[in-house]
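So, here come the structures, one by one.
Two complexes come next, and they have one chain in common, subunit A, joined by subunit B in the first and subunit C in the second.
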Partner chain A sequence: MESNPILVVGGGPAGLEAARGAGELGYPVLVVEKTPVLGGSPILAPYAALTPDMEDAETAMKRVIDAVEADPLVELRTGTTVTAAEGELPELSVTLAGPDGEEVVKVGAVILCTGFQHFDPGRETQMYGYYEYDDVITLVDIERMLKDERVVRPSTGEPPKRLCFVQCVGSRDRQIGNEWCSKVCCGIACKEAIEIKELLPSCQVFVFYIDMRMYGFWEDQIYWKAQEEHKVQFIRGIVTEITKRGDEVVIKGEDTTMGRPVEVAMDVVVLSVGMEPSDGSREMAEIFGLPLESHGFIETIDGPLNTVSTSKPGFYAAGAAVGPADLEDSISMAGAAVMKAAGFLRKQLVGA
Partner chain B sequence: MESIYADIQYQDVPVEKKQRLFDEVKADMRWETQLYGCYECGICVAACPSARFYDFSPRVFAQIMAREDVHAFYELLNDSVWDCSQCFSCTRCPRQNNPGGIITIMREVAVNNGLQSAKDALKAYSRIIYKIMSTGTQVAPDMLQPDFFPDWGPDVQQVSDNLDVWRRMVPPETMHTTELAWDVSEKTRLELYMIWKLTGNLEMIEQIDEGIFMILEEVMEELLEEHGYDIDDLDSVMDD
Partner chain C sequence: MPERSTYKTTTARRAPRDEGFVQDEQVILEGVDISGQWNKMYEPREIVDYDLTHLEELTAIPGAESMGWCYQCAQCIPACPVDTAGGDYGPRKIFRRLQTGMDLFDHQDMWLCTSCQNCVRVCPKEVDMVEIMPAARAQAVLDGRNVPGELLEMFQNVAEYGNPMGESARRRTRWTRKAGVDIRLLPKNPGPVDVLWFVGDYYAFHNRGVDAAQAMARVFSRLGVDFGILGVDERTDGDSQRLAGEPGLFEEVAEHNLEQFGKYEFGKIVVSGPHAYNAIKNEYPRVSHGKTGGDTYPVEHYTQFLAQQVDALAPLLSGSFARKVTFHDPCYLGRHNGEYDAPRRLLEAVPGIEFVEMYRCKAQGYCCGGGGGGMWLDGFAAEHQMERLSENRVKEAVEVGAEVLAVCCPYEVSRFEDAVKSTDNDGKLEVLDIIEILDACMEPIGEGVA
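Then we have the complex of A and B:
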């Protein structure tokens, strides 16, 4: 007795883990990824080293990709999108548009792993002059430099002497409309700060923050490590504005615990941009008729004890598609989602 | 490098001087265990008695030293460093920092470098410094003069009128003293003087109060000479 495959939308960490899990449970699975590559944000952004253990992202993701590629139960379609869905699970007809044209396939259950997109600092206002000043960059931009092991001030090509991170850019901000914490940016900033200090020990690195959200082992593994071993300076207070003074980028803010005004030139300012619902999440929610929760991510309905079930039976979501998530969250949710999808299919096959 | 603070003081003092003093603090052998990293949580401030009465914050010491901001460090070294009562209530820090210990080292650096703030802060203590260094005792019974302690009521007058009688009522004979807290033997004083000299304490006093230093040196020299020691050549004692 064989079911229709589980459709996994998205070939990032959550999607690949869901596919691996489905294969391990003995269920056929079809992974649809709209970009030509597997691996998701760690590969596409790219994130050179993973938080918190700093393993090379390509190496880490390759293990998962190799596993799914070797599994005959897993079918991988890159460069492919879902454009329509008709009927009911477990006989849902899904239209796929790929390099070889359109195709309709029947699927038995759906797991949405459509991830997130980074907040664009120029989305609504020219916040912090991201598009105006070469030396104002984002977490993702500096990650690219770290991948090449060459951190420079973009305007001069010289190594920076003073660099700062500005946390919560596009997160926790009612003005912008993103009231959530993006969960991972504190950890990523710490990780990147450590990597910068390892490359440029004499560069002063500051992190301007509202709260450092370093839950669990991230606390001592990356936050204390950055502070104690690498002398990264954490300053409670968010930069108000960034202006240009001659060739210099000047940040202005308050050191709130000291109650003192801060005004100083930085060679490089790194904006810790947060997570937003991806276009893919919105499109899939529309196609499959799934509601979004109030922040715009795919809604799960069962509270903290079930992080993956959506409002429609047989439809699950995992990873940053349902809200800001780190890798551990995404992988764990993928496992939970595939277990529920398998349970759903088994019920259909053997009868409840 | 300039401070990040827009309102930083002592801008006329060369950064090299600030850096040298900062490096001196960090070169102290105790430094490694004084400061890890600061959450700025304020647990030390809430525990600090000085913080209740002065514009003083042990947290700021941990913060600024962790920041490695030599300009803000220099501000502290010239002011706030003297407001700590060295009770070490601040050591309940969750990161195991020791703000009081940071201050101990900073004070020593301020004194060793003869900073004006050290001179000013210790001026009021010259009598106590003299007393401790010359006798090994600090508060003597005859310091309890009625004029200085009106809030203690009439008992002070009565006690001070017959101080030697009251003191003789104290059982240990070594406490039948009025000018000293207790009797200090010549051998003890001799040892004390050697310690002050050999540990560099006497030199510290020279940096901040030359008058007291000269009187002390004379007192010490006399006793040391009586016992056949040369105050300028005490290193030989260590070889014995």
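Then we have the complex of A and C:
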């Protein structure tokens, strides 16, 4: 007796890992990805290299994609969205809208892996001038340059002599409404700083931070490495605002360990934008009738001992859909979610 | 070492006027002319540049790399004896100043570290000031960049006379005449001995050091120790010169001393001072030149040597020393070499003694200020600190109610005796070398001579 497939919404790291896990457990799985490509943020952003091991993002994601593509139990639908759901699990009718039109499929369990979106620094444009100043960019923008192995000052096309990262942009901010730490930006800034120094050894790279949040091994793998081997300068004190003085972009803030205000010109300022709930998470929560938690991510129940179960049996969520998450978190949660989904289906099948 | 004329001193602070922060201005307030420099005086608050030139210059010096590793946890600051003495100093501060453009070669921070090792003990990033500062200072001395005059004078003395005081080498054995016991001078009487006693400069030349040296000779004699000294052939151990920025001078005296050791047959070296102990134990084996260079000798600090024989020593302590005594751990015996017990075991053996620890003791012990060249930088330190480290320490000894501050580093008697006077504790606190206390409890020798 075969169950209806597990529906995985989202073809990023968490979704692909959930699909791979389901296949390995012997359960059919249907992956629905709204963009035309698999791989999620690492591919779409695009990221040049993954944090913290700095493996090329395309190579790393290709391994996961190849594994699911080779599994006959995995069905992949790109360019496809979920538009409606009706009935109850494990016989839930889900309407899919794809390149070939609409289709209704029955699914046995649901895992939402709808990811995050980067904070749009235009929301506080008066402070950091992202849309006003060419030389103020985000860590996504610099990732693109790193992928091309060509880091330049956008206004001149010349390599920057002095570049800084500004941490916590769009995170930890009640005024903006984002009262969370995005978890990964400190690590990504360190990773990118190392990559910049490798490309441009004479460029001075600074990181302005409130506190560096380098969980676990990221501490020595990228933070200490950036400071000790690549001479990246870390300065405690966040940048308040960015102004222009002639052609120069000037950061203003306090150097808190010196107790002195700072007004220093930079060739390039990189805003370390954080994570926000994705539109896809909100849409799926609506369609499947799942509540969002107070920050706007998909709510999981049972606290820290159960990171993937939602308030409805048979519905699970993994990765940055439930809150800021790094790759390790996302992959681990995907494994937990597919294990619980398989358990849910098995109970239905054997009537335990 | 460079010619003396190439050295500059930094004794004078630069006036704000020279920095361009001050302008003359005519100001009349309520009919009174208050024109002057002071009315426009301010220091720019903004950091307008992070000029990394000097940080990069410093961390490029072999040995000074770890200065760039600081992540501002600030654990070093409460551990730093200089900051505690009002020096506005410490490894994390130096790093930040370097990051904001300070040239260490043009700044007092170059010369305030006493190499006490307390920051190294607590630093999670292993920023090693005891490696960094000597490496940076060696560069400063080599380039003749703002080396304090009093330090240069000391280097000159060592180069010329083999001791930091500039005393004639011939006077090294003068103290032996009134020791009350016979002391074998190995150059004159070179037969085998059990113990080669490395006396050290302060024991040989300083008037209070001489008291301790004579006490040591008597205690050795009463214990029946078969010992000899190098006499006029001994030179300073060189460790403080190395740490203060003269590794070349260190090598020179180390090679000389190693050559002397090589001439005689002896069981072990016993030293009076923790700096000599550190040098002979840890640094001399690295000295690579010369035919005797690189040799490793068994070496003990005198407290270690005597503590091993405490069972034989105790019966000789017939007198009583009924006073409240505290003990100052020397940085180079304690933190640098891990010996905290030997001096305490000796003090515990003293009849009648009431021993009390200071708050900052053993691994957390406070520095006297004499290490790393600090012994010859008192004038410089006074300019940049609220108090001397020795003064800070003496106040603590008084606070715990001690009547006697016991020491076992030859630098310390003079440092602490000065501090007792300058902190108005004259008559309240006596500073004694442990060997003086032991000697005082024994039957007198050579009555009327000692």
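Rule of thumb we're sticking to: the second predicted complex is superposed on the first by the 348 of 352 C-alpha atoms of A that agree within 3 Å, B and C clash if a C-alpha of one lies under 4 Å from a C-alpha of the other, contacts with A are read in each partner's own complex, and residues count from 1 in each chain.
We take it that contacts are C-beta pairs under 8 Å (C-beta built on N, C-alpha and C of every residue); 3 or more make two chains touch, one makes a residue touch a chain.
These figures come from a predicted structure and were not determined experimentally.
Per the definitions stated earlier, placing subunit B and subunit C onto a shared subunit A by superposition produces a clash between them.
In the superposition on chain A, A:T257 makes contact with both subunit B and subunit C. In the superposed pair of complexes, A:E179 makes contact with neither subunit B nor subunit C. Residue contacts after overlaying the shared chain place A:K231 against subunit B and subunit C alike.
In the superposed pair of complexes, A:E293 makes contact with neither subunit B nor subunit C.
After overlaying the two complexes on the shared chain, residue contacts for A:Q204 are found with subunit B and with subunit C alike.
Using the contact criterion defined above for the overlaid structures, shared-chain residue A:K161 touches subunit B, although it does not reach subunit C.
None of the stretches 26-34, 188-196 or 206-214 of subunit C clash with subunit B in the superposition except 206-214. The interface of subunit A with subunit B overlaps its interface with subunit C at residues 204, 206, 224, 227-228, 231, 233-236, 255, 257-258, 260-264.
Those residues of subunit C that touch subunit A in the complex are listed here as 45-50, 52, 56, 59, 68-69, 71-72, 74, 92, 96, 99-100, 125.
Chain contact summary for the complex, subunit A toward subunit B: residues 161-162, 204, 206, 224, 227-228, 231, 233-236, 255, 257-258, 260-264. In the complex of the two chains, the subunit B residues touching subunit A come out as 1-7, 36-37, 40, 42, 59-60, 63, 66-68, 95. If you check the complex, the residues on subunit A that touch subunit C are 204, 206, 212, 223-224, 227-228, 231, 233-236, 255, 257-258, 260-264.
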